[in-house]
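Notes follow once the structure below has been shown.
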Amino acid sequence: MDSPALKSPETLVRLYRSLYLVRRVEERVAEIYPTDRIKSPVHLSIGQEAIAVGICDLLRADDIVSGTYRGHATYLAKGGDPKAMLAEMFGKVGGCARGKGGSMHLVGLEQGILGCSAVVGTNVPVAAGYALALKRRGRGQVAAVFYGDGASEEGCVYETLNFAALHKLPILFICENNFFAIHEPLHRRWAADQLTERVATFGMPARRITSGDIFEIRDAASGLIDAMRDGGGPAFLECHTYRWREHVGPAEDYAAGYRARTDMEEWERRDQVARLAAMLPEAERRQIEAEIEAEVEAAVAYAEASPFPAAEELHAHVFA
Amino acid sequence: MDSPALKSPETLVRLYRSLYLVRRVEERVAEIYPTDRIKSPVHLSIGQEAIAVGICDLLRADDIVSGTYRGHATYLAKGGDPKAMLAEMFGKVGGCARGKGGSMHLVGLEQGILGCSAVVGTNVPVAAGYALALKRRGRGQVAAVFYGDGASEEGCVYETLNFAALHKLPILFICENNFFAIHEPLHRRWAADQLTERVATFGMPARRITSGDIFEIRDAASGLIDAMRDGGGPAFLECHTYRWREHVGPAEDYAAGYRARTDMEEWERRDQVARLAAMLPEAERRQIEAEIEAEVEAAVAYAEASPFPAAEELHAHVFA
Amino acid sequence: MSSPDTLSAGMRSLRYVDALREAVAQEMRRDPDVFCFGLDVDDHRAIQGSTQGLLDEFGPDRCFTTPLSEDAMTGVAIGAAMAGMRPIHVHIRMDFLMLCMNQLVNMAAKAHYMYGGSVKVPMVVRSMIGKSWGQGAQHSQGLHAMFMHVPGLKVVAPSNAYDAKGCMIAAIRDDNPVIFMEHRLLYPIEAPVPEEPFMVPFGRARHMRRGDDITIVGISNMAVECLRAASLLEEVGLSVDLIDPVSLVPLDMETIVASVARTRRLLVVDNAWVSAGAGAEIAAQVAEQLGGGGPLAIRRMGFAPTTCPTTPALEAHFYPNPLTIAKAAHALAGGAGGWEPDPERARLAYQQAFKGPF
Amino acid sequence: MSSPDTLSAGMRSLRYVDALREAVAQEMRRDPDVFCFGLDVDDHRAIQGSTQGLLDEFGPDRCFTTPLSEDAMTGVAIGAAMAGMRPIHVHIRMDFLMLCMNQLVNMAAKAHYMYGGSVKVPMVVRSMIGKSWGQGAQHSQGLHAMFMHVPGLKVVAPSNAYDAKGCMIAAIRDDNPVIFMEHRLLYPIEAPVPEEPFMVPFGRARHMRRGDDITIVGISNMAVECLRAASLLEEVGLSVDLIDPVSLVPLDMETIVASVARTRRLLVVDNAWVSAGAGAEIAAQVAEQLGGGGPLAIRRMGFAPTTCPTTPALEAHFYPNPLTIAKAAHALAGGAGGWEPDPERARLAYQQAFKGPF
């Protein structure tokens, strides 16, 4: 979809700003990682940013997102605070979870970011429960839940799709299909490549987007989300994408042999960060980038400066 | 399907014998139940016999079936011993599980009957695991697993369908759709009535049979099972049916108001026991019935006579 | 704290099941964020009557059944709770909680902590323990010990109608996930219960009987069975300090330890397996706190260390009962060997307590 | 019983992870019914190396990954086991066992019993406990207590390479479901291990050190941490009787009780929460058996009663360590207050033991 509205200058700027922020935060994390100051496993989404960014661009501040342990993009695209994110990864008390959650459990209720989970699939029914509350509230809010192709195999995800459709919950399910769960390719896990068709049998609109094109993703989600706000019930998007780095950690891992670098390179050619950069006037692009670089450095500085939690914090927050 | 082969006199006799046995055992159970000699909940399958009977008729002695807590038909149709079944329900040591399992946990490994389970859906992956072993053995054996429309909603059942298709396991999934889980109708549990279509997306043959016709069921299963023996992988049948009695216990429950007796009556008109009875020469039918009545009475007598297990048995069988 | 023993103004005698129902209905009236869902809560049987009337009064948005999807439904409860609602998720058997352990242990128990206090999970998970009449292996388990093991979950096991109502209201108003365990055989038993809403605070054990010779702790329905045992023991001159912990997390060890400090004898009777069970925790804490002070006689009772058999011939030996409890207490108190309470009297006492089916 | 301490003929020094791998490979060679499956067992990382080489040697029918479907895959293991195969189902984290509790508790543990002995379920469920480096809430749990609670499951927790190999072979040959818990930080630690297949019988505790002043029971990796604590205690003249139970079900209480009968002091250190945990069971049994004989000093240690935080600033206080263990033991043995073992020496001893990452 290349409709002019979707490429309005404002939209372009907003999308690029968000894409660039996610990309740069993760690249900085990867740079810092070998210094051991980040005391937490990191699951980078470099290469996959367009999905979270494209969809979150359509969400209102009072909408809700739910992501996974690979949730940096979701967190940032929904307006999460890079300072709180970095401090969390450094294990500092200024972190979004006061240092108790680390990279896999980013959270930001004020920005509508439900906490991420490290147990694959667990966030999906939780997001549906939140959507149930949104529906009861009747203010047209929606939830968007992101999960991987691996998560789509978990029983609770199927159960959730049925329940969400049955109760016409305002929730958009987004399967980020990067063809791998850790190092295991789809063909060792999926009997048939018909996930989207399967989800459609629960009686909800379901679409597969294979291009990785941020405008196509955003456009597809747009109609679905509008219908949802009016009580139309849930919808599903399967978005093909590719994880450029290793499953966990900052490096590339093509030498391991479980996948070919050429596969990545095909996706690299479609890189939405570079694509949108090229669509912007040079000066404007530079200004955005400079602003974001400053924001990222400020976040790192904040994380460094924030203290570790005091020992007594261990016993806080067991019960509310 | 009314092909002559399927209605050969031998087939007719075999099917009627099995149908009548299941029906009469359950009717006897219902009669005995109010005397409190059956010290176990009973989930009668009266009205649903044709599915188990039609499918088990195609199975070899060394094939495997797996049923549910509503498993009397599965147990008997696969050649389970009515004596051991009745004794089990009476809590006697002569029972198929030595009185330790009761009506919900009928078992008969010698006849290829995997133990039934009282936790809905749990038997499905277990049967697939057995099928995995059958495949490794390479003797053309198959497994048939029966479960309800309610069970189809459990996450582990979806997970199993994917795994079975992925590994081309020799297993026939049969969903006995009687439109209710306890008292809850489908429309309060299913977002869309597309179960069969959904299962097909796992890449296995999937068919819905709405007639309740034992020949149609048997015919549909026949081709699927043959293909399975040759390594064709799993298949799925959704069979519509109707539970005539209450969910658990011996009585009817139309007065409760959650379903109409007229719905049952429509199914009663299609009753396969009566239908096949009418297809048989009178004398032959009478003889079968007399033989089975005797078998049922012998089973009841056996159950009565069998002793209760001795107290020491409590501690037996915790570990193998 | 008022008590379930004495009928005073504003009280009626109420069955345990009706106390549960009344508590939920009153809270749903008070707070529109409370809702009640789970398999079969809205059918004519209404979970043995414990959800009767909720659908009529509050409509299908606030009282609804679910697909057979316990795992996801638990996640739904958690998510709704995070959004500020107060779900009551009902399971007709405690055994079925095994299907949602992941959500309960890995999400519900941990969310408040691992998100640094930024979310709360105020939900109630109701489940019933079955017994007898061929419930068998998969319909009879009391699995509270597993929940006691995991920080972040509260666990309640009321043994009478008064506590059932007071604990249910407290559970609904609690800002944490509460595992609320009921016992099927307690449902028909009546006790005086106030009409007004009230809370039974968690973490305060209830003294069901005062005595000096032995401390008995009875959990869930076993509190009732211990009461019968205590009356048998009275006949041979043994006085029992009988404690019902009411809530297992938080656990009122102070009351138990104070009692055992006097009696130096402890019998814990649980409606569950003994190994790494609630009784192990209570016995271990007592031993930690009082073991240094001299001899201490401790014993635990619970399910036989087997799976639960269906046949009554074996099931009879699977559970503690007033007779076996009384004999164990007698032996622990150094009573002369060979005491055999009249089984008829034990059984009689027992049947008087439970009007329900066996 | 031979032991992991002395290198004799036919032994080499082997890492824990390689001992596991060797045991599985040898059993797969011996018995074609043994197979190994679970998420990622066949990738190049091979579960930290513990399944390395199995795919090459035995092919994809006997070593294969699965979809992310832990619940159904557990059912698959059970069904295959019922059919006479011997599955080894691998989970990279013990936390993920919460996804398959229903199959483990309601099917695997019960099948032999509830089908009257007519089926067996010979399966091994391997899982690893994670620690440190931001594993956090959902990647660090030791949940063995839940399995100890349910009759029908065996539970093993080897703390060294010798026991890892011997227990794994015993587990594979066992006709029952065995929950086999490993600790990630033990993987690189070496011990002398025979080349030949051998079994370490379940239900026999291992005396890691003999002493008279206090009995310490250390579970899983805590056995190693207790060993360091014992050497610190030696310096102040306290001799420790250190016991590694090796298997938790069956549990060798005889050895533990005999030791405490001598020392009258028991410290149990677990790699898990304390409440209703393995330590509670051990402490309760000791109190039941020895409490009548005079004063008894008992204490349990384990995870802090909180969710596991990721930040090292808090995680450091979440786990027992040689320092806190030594101090607790010292206090329990009536040592004068205020003893502070040199933290540097404690840490040193600790690091010597673990070559792996923290």
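Per-chain numbering from 1; labels A, B, C and D assigned in written order.
Here is the rule we go by: contacts are C-beta pairs under 8 Å (C-beta built on N, C-alpha and C of every residue); 3 or more make two chains touch, one makes a residue touch a chain.
Keep in mind that this is a model prediction, so the values were computed, not measured.
Traced through touching neighbours, the fewest hops from chain A to chain B number 1. The chain with its Cα centroid farthest from the Cα centroid of chain B is A. Mean C-alpha position of chain B lies 37 Å from that of chain C.
Averaging C-alpha coordinates per chain places the centre of chain B 42 Å away from that of chain D. Looking at chain C, residues 66-67, 69, 71-72, 95, 98-99, 102, 106, 113-114, 136-138, 151-152, 305-307, 309 sit in touch with two or more other chains. The set of chain B residues that touch two or more partner chains comprises 95, 99-101, 105, 117, 119, 153-157, 159, 162-163, 166, 188-190, 317-318. Arrangement of the chains shown, judged by which pairs touch: all-to-all, with no pair of chains left without contact. Within the complex formed with chain A, the residues of chain C that make contact are 61, 66-67, 69, 71-85, 87, 102-103, 106-107, 111-122, 151-152, 154, 175-176.
Taken in their complex, chain C has these residues touching chain D: 71, 95, 98-99, 101-102, 104-106, 109-110, 113-114, 136-138, 141, 143, 145-146, 148-152, 249, 272-273, 275-281, 283-284, 286-288, 291-300, 305-307, 309. Within the complex formed with chain D, the residues of chain A that make contact are 39-41, 91-92, 95, 99-105, 117-121, 150-151, 153-155, 181-184, 188-190, 256-258, 308-309, 311, 313-315, 317-318. Chain D makes touch with chain A in their complex at residues 39-40, 43-45, 64-72, 95-96, 98-99, 133-139, 304-307, 309-314, 317-318. The residues of chain A lying in touch with chain C in their complex are 95-101, 105, 107-109, 114-115, 117, 119, 122, 124-134, 136, 155-157, 159-160, 162-163, 166, 316-320.
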